[in-house]
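Please go over the structures that come below.
Next, two complexes with chain A in common: one pairs it with chain B, the other with chain C.
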Partner chain A sequence: MRAGPSQEDIRRHNLGALLRHVHLGGPISRAELTSRMGLNRSTIMALTSDLTAAGLVREELPRETGRAGRPSLVVRPESSRVYVFAFDVGPDRLVAARVGLGGVILDRRELPRRRGPFELPELVGALAGFARQMRRKTRPDTVCVGAAAAVAGGVRKGDGVITFGPNLMKPHQEVPFGEELGRRLGLGLPVSVGNDANLGALAEHSRGLGVSVKDLIYLHGDVGIGGGIIAGGHLLGGHDGYGGEVGHMVVNPGGRACGCGSHGCLEAEVGERALLEAAGRAKADQNGDAQQGKHGREAVRAVVDAADRGDIVAQEALKRVGDWLGLGVANLINIFNPEMVIFGGMLREIYLGSAARVRSQLTLHAMTPQRERLRLRTSALADDATLVGAAELAFAHVLADPLEVLARAGG
Partner chain B sequence: MRAGPSQEDIRRHNLGALLRHVHLGGPISRAELTSRMGLNRSTIMALTSDLTAAGLVREELPRETGRAGRPSLVVRPESSRVYVFAFDVGPDRLVAARVGLGGVILDRRELPRRRGPFELPELVGALAGFARQMRRKTRPDTVCVGAAAAVAGGVRKGDGVITFGPNLMKPHQEVPFGEELGRRLGLGLPVSVGNDANLGALAEHSRGLGVSVKDLIYLHGDVGIGGGIIAGGHLLGGHDGYGGEVGHMVVNPGGRACGCGSHGCLEAEVGERALLEAAGRAKADQNGDAQQGKHGREAVRAVVDAADRGDIVAQEALKRVGDWLGLGVANLINIFNPEMVIFGGMLREIYLGSAARVRSQLTLHAMTPQRERLRLRTSALADDATLVGAAELAFAHVLADPLEVLARAGG
Partner chain C sequence: MTPLLEVRGIDKSFGPVQVLHDVAFSANAGEVTALVGDNGAGKSTLVKCIGGIYPIDSGEILFDGKPVHVHGPRDAAALGIEIVYQDLALCDNLDIVQNMFLGRERRRGIMLDEAAMEEQAQETLTGLSVRTVKSIRQQVSSLSGGQRQTVAIAKAVLWNSKVVILDEPTAALGVAQTAQVLELVRRLADKGLAVVLISHNMNDVFAVSDRIAALYLGRMAAQVRTADVTHAQVVELITSGRSGDLGITQ
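What follows is the complex of A and B.
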C-alpha cells in the first residue's frame, strides 16, 4: 500500500523485464520486444543500449529475412561472457556447473558421493574446487554474476542455513552451508541456497514443461521425495522457507518408518528404499557404497525394467509403490487444484512403471472437478532440473536489478 | 513483463490503497496516511478529495487532541452510505447481511435451513427476499456497490458456478448460482461467489487473527471440513478455483466413507457425523430436521460439554476425532509451513475439546523446523467468518478501482 513507482523504479523494472525475455526466450528482435513489452521503439532502443553497454546483451543483424525493408536488430544474451555458478548437492552426487546468461550450461563437473552425512569443510571444498577448475578455463573478459546451490534438505529462509536433510545430514544439525560455500568460492558474491525440489519446480516453470503454467506441482524423487509448488505463478515458500515438504505428508498412518521420525510418510512408502525392499533388492545397510545396481537411480531403473520383462516380484513392488504415490498425488490435487503435476528425479521411472495404478488412485480419491483438466507429466529437464533451478536462482538478482550489475560493470 | 504503469494506473492504485487503509483500518488522519503510504501531503489531499467527492469517505476534524497546532483532518469510511450485500449459504442456515464500507454489519437476516439438496429458485428467492427487506429500510442516499456469497461447496473460477457440494447439492450438478442470484437481486450488479472456507481465510487475513500473517491456513468445520489457504499473502485459488479442499485429503486409507465418494478423507474422520457417531449420538438419517441437539453446531457443543463433565464416551469420541484432526493438520504444516492455523466453524469446539490430542499428533508427525514457530488459534470472527469474507469479496472491486465507482457516481 505504498506510493506508485518512481521513474528509476520503472526503468529498473523495464530493464529486468527485457533481460528476462532474452534470458528465458533466447534471441529476439527489437520489433518483437516492442510488441511483447508494450513499449515504444525508442524506449526499447534505450533499454537495449543500456544492457549492451553493461555487457549483458549484444545486438546483431539478423540472417537474411527475405523480406523487404530494414531488418530489426536481434538482441542476444551474452551467454559466453556473463555466467553464474550452479551447484547441486544430492544424496548420491555433487554437481557444479558454469551456466551462461540464457541458461546455457557452458561447463560442468560431477562427482558421485558416498551416502551418509557430509562434513561441511569437505563438501564446500569439493564444490569450490570444481568452480576454480571451471573458472581457470574462462576467457579474461568473462564475468561471474551470481552463485546458488540446490540441496536435498530444508533451507531456512533468509540465511541459507540447512536445518534438516535426513539423506544428507545428522539429525538436529544446523549447517551454514551458503555462507561457508560463499567464503570458499572467494568471488565476493553471496551464495543463494534452495531446496532441490523447490528449485526443480522453478526450473520447470522457467524453462521446462511448466512455462506459462501458473499452478504446478513438481515431485522430486532422489532416495527421499521432495516437492516444489508453484501456486498462482509463485513458488510456495512458507513462513520459514520450508513450504512444499510433501514427502512428509502421512499417507499410511502406522506405516513404514521414515527418516524424519514419523511413520507412513509419502517418502517412506514411495521412496527408493520402499521400492527396493518390496522388490527384494535392498540391503539393510543404507550407508554402503553407491555401487551401481545396489541402490540409487540405476537400482530403481532395474526394478522398472524387470517389471517390464515380466518379473512378478518387481511388478508387485511397483503396484504397491504406485498405489501410495497415487494416493499422495490425489491428496495434493484436492489441496492445490494444480494444472500440472510433474514427476522428476527417480519418480520419472517410478511413475512410468506404475502410471495405471497412479491414475486409478486419482479416480478413487481426487475430486472430479479438480482432476478433469489435470495433466501428469515427467520432467523435461531430466536429471538437470534441480541444477537448472539453482542457476535460475543465481540469475534472479540480475534479472531483478540489472542496474546494479551495470553499476558494478561501470556502465 | 509489460511496460511500467501509466499516471492513470498510479492514481487508481493510490486511490485503492488509501480506501483500503480506511476500509480495513478505520478512521485515520491525513498525517498518518501521509506517513503510512509514503506519499506527500498534497497527493493525499487530492486523493481524499476525489474519494470524498465520490461519497466513499468523509473528512472530519478530530476530537480534542490536546496538542498545539492545526489538527490533521480524519478520514472516515462512509459506512452508513456505501454498502454491499453479503450472503452465506451453509448446510444448516442461510444468512444475508448489509455490510457498510469499513466492514460494519448494518443489518442482517438469518434463516435455519433443512439439510439436503437445495432447489435453486427457492434458495435465490429467499436470499433476494432478505436483500429487498433490508434495502427497503435504507435511506435514499445509500448506494449498494457490490454483492457476494459464500457457499459450502466448490465454485468454478470466473463464472460463480457451484460444481460440487456434498452437503448442499445432488452429485454431478452444475448450478449457476451467482448468475441466478444476480438476476433475482435485480441491482444491476454481478454477484461474486466463493467457497466458504476460502472466504473465511480471506476474512481472518483482512480483519481477524491473520492480519499481517502472510502464510495461514483457515480450517472451517460445518458438517464437512473446508480449508482456505493464504500463501505468501495471497489466497490459494488453484487452476480452476478449487484450491484448499483439504477436507478431502485422505488421512485414513480405507477409513470411513466420505460424501465425495472416497474413504478416510479428513472430512469423513473429523466432520460432524464422525464425532456424533463416535459419541453414540448420531441418527442414521442425515436429512432429518435441523432440530437443536440432534445435529448441527449445538450437537457438537453438547459432546464437548459432556466430555468436560467427565462423560467417558464423549471423551473417547473427541480423542478419536482429535487424533485424525491432528494428523491432518500435521500434513498441512509439512506441506505449507504456515505461520498460523485457525480453526473456524464447529472446528473451534472440536479443537478446544481435543487440543492436547491435536498437539501430540503434531509432535509425532510435523517436522520440527515447520512447527517451532507455528501458532494454533480459534477464529476471532466466530460464526461470521465466512459472511465477513463474502463482504470483503464484494468490496474487492471497489478497492481495486474506486475510479470506476467515481465515474458511476458522476465524480
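What follows is the complex of A and C.
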C-alpha cells in the first residue's frame, strides 16, 4: 500500500504541468507561472532549470516591460530543437509535418491522394519518406520526441489499429497502421494514432476556439462526417476508442445508403456525395481521372458559390443538406449540452452557406435551455485542425513525463 | 445586461417623407446584432442617424446606459462607434497603413510617426487573426474585395471602438472571401465589441448573429434572439412586418 504520490511523482507532474503551460500558452514569465501554477518561486526556478538543462525550454530577459524592478525571466519553448512528426491521412490528401514544441509547424509535406482503398506498405512508405526528407534538413542538435497520425477512420484504443474507414479502406479489415508506420520511421518511437475528428476536437480545445471551453463538439466534414466530443474537458473516447462517430447517427431512417452499411446516417445525408448528387454534380465522378478536382473541397465550394450566385439547383441541394445537418446538431445539443459546436473541414463551407436552415432546425428541434447559450463557430485552425491534433497527441507523452521521454529520445 | 448601444423612439423625416417611425434598437457588447429589412425599410437611415450623419427629429440615443448627443461623425467616433460603409471609403493609391490612419495620423514632432503606425496596424491585423494580407505596405489597389473589406474593418477596430456597424460587408464577395469576412465579424464580437451587421443574405445573418432586428417600412417589426426564430419567421417579419405573435401589432 502506498501512502500517496512520492516526491518523484510530484516533481514529474510539476515538470509536465510547467511544460504544458509553455507549450500551449507560449512564452511566459516565471512570475506569471508562479501565480498560474500556484507554486512558490523557488520551486518554479528549480523546475525551469531542470527543463532548461534538458533543452526543452530556454529563459530570456523580456523586452522592455516599462515597469520598475528587476524583470522576471521569460520561459520559452525550444520550438526549433524539440519536435514531433504529425501525420494526417485523409481521403484526398496525405500530410506530414514537423511540429516544434509550442505547436509551431516547422516544415510540411503534402501529397494529393487518389480516392479508394489504400495499400498499407505504399501509404506508410510515403509518410515515412516525407519524415526522412524533413529529418535530413534538420540541424544535428534537434531531437524528435514523438510521432502521431490522424486517420479518417475508426482507430482501436491502445494499439493504433484502424478497424474501419469506409472512405479509406476495404471493409472488414484490420490494419496495424501505427505499428507499421513506427517500424518504417525507424526512430525507435511508438506512433500514436487517433481518429481525425477526435484529434480535431482536441486541437480546437488546446489551440483553437475552444481553449477555455470545457464542453464542445467538433464536427469534421471530409468525404464523410466525423465528430469529436469534449465533455468536462476530456475527449469522449468510449470503451474501445470509437466514441464520437456522430457521422453515423441515423437521422433519416430508410434514407440514403451509407458507406458503413446502414441507411440515413448523418454522413449519408450531409456528406460530400449527398451534396454533389443533390446538386446534380456527382455523375462526372465516374469518369475517373479525367474528372479529378470534381470532388473534394473544391467541388463543395463550387456548389456553395453557385448557390450564392443564384443557381436554384445548388440552393436546393444546400437547403436539403443544411436541414439534415441542423437536425443532427439538434440531437447532439440535446444529448450533450455543449457550450460550443465547431464546424470544420468542408462543413465550414456548408454551415456558412446553409446557416439559415441549420439554425432554423435548431430552433425547432433543440431544447430551449440547451440552445440558450450555445455558440456555433467555424474552425479557427481550418484545414490544419486534424494535423494540429495529431501533433498534440504526439506531444502528450512528453508533457506527461518530460525528462524521461527526452532521455529516451537521446536529447 | 445594459445594451452598449440603445436607441429609443427615433423619428426621422426627409421633407414630407417620414423614413423612421418610433424606432427602438439595441446592440449588446460581445454580440452580433443583425439589422435586416427590405430595400427602403430604413436600415441605412437608422445607421446614419446613429453615426451622426443625419440629425434625428426626435428620440434618444443611449450609450452604455447614458443618454448621449451625436451631432456628427466625430461625436460618434469619440464614443467609440465606427461605421464601415458598403463602398468602404478606402484610398486606392495609399497603402494599408496609410489608409488605416487616414485623417488621424500619428505624429512625432512635425513628422509622421511611421514606425508606430505600422506597428499598431500590424498589431490590429494580428489581433484579428488576419492572415490573408501579405504586407501592410501593400497598396490598397492591389487587394482583393475580401482583403479590402478586411482592411476597412481593421481600420474601424483600430480606434478602440466599442461598436462597429458593418453595412453589407459580404455583398459582392466570392464564397471563400465571404467566409473569411464572416469569421472576422464573429471574432470582433467574441473579442467583446458590439457588432451590428446589415445584410440581405439570410445565411450570413444566421451564421454569425446572436440577435436579429427586422425593420419594416421604417418601423422596428421585432428584435429577437436568433436562437428563437426560424428562417421563415424572419422572412415574414421582413416582408410583412409580422410573424405569428411577433411583429407590429396594429
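The working rule: the second predicted complex is superposed on the first by the 392 of 411 C-alpha atoms of A that agree within 3 Å, B and C clash if a C-alpha of one lies under 4 Å from a C-alpha of the other, contacts with A are read in each partner's own complex, and residues count from 1 in each chain.
As a working rule, a contact is a pair of C-beta atoms (placed from the backbone, for glycine too) under 8 Å apart; a residue touches a chain by one contact, two chains touch by 3 or more.
Since this is a predicted model, take the numbers as computed values, not measurements.
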> On chain A, which partner's contacts cover more residues, chain B's or chain C's?
Replying inline: B
> When the two structures are overlaid on chain A, which partner does A:Leu364 contact: first (chain B), second (chain C), both, or neither?
Replying inline: both
> Between chain B (first) and chain C (second), which does A:Arg76 come into contact with in this model arrangement: first, second, both, or neither?
Replying inline: neither
>> Per the contact definition in the header, classify A:Gly232: touching chain B only (first), chain C only (second), both, or neither.
In response: first
>> Output check: A:Arg348 vs chain B and chain C. Expected answer is one of first, second, both, neither. What do you get?
In response: second
> Just chain B (first), just chain C (second), both, or neither: which does A:Arg135 touch?
Replying inline: neither
>> Output check: A:Thr378 vs chain B and chain C. Expected answer is one of first, second, both, neither. What do you get?
In response: second
>> Contacts for A:Arg20 in the overlay, against chain B (first) and chain C (second): which applies, first, second, both or neither?
In response: first
> Looking at the overlay, does A:Asn252 come into contact with chain B only (first), chain C only (second), both, or neither?
Replying inline: first
> Can you pull the chain A residues that chain B and chain C both touch?
Replying inline: 364, 372
>> Please output the residues of chain C touching chain A within their complex, sorted ascending.
In response: 129, 174-176, 178-179, 182-183, 186, 202-208, 226-232
> Contact residues on chain A for chain C in the complex?
Replying inline: 301, 304-305, 308, 348-349, 351-360, 362-364, 371-372, 374, 376-378, 380
>> Per the contact definition, I'd like the list of chain B residues that touch chain A in the complex.
In response: 1-5, 9-10, 13-14, 17, 20-21, 36-39, 43, 154, 156, 163-164, 214-215, 227, 231-232, 234, 236-246, 248-253, 260-262, 327, 330-332, 334-339, 364-365, 367-370, 372-373
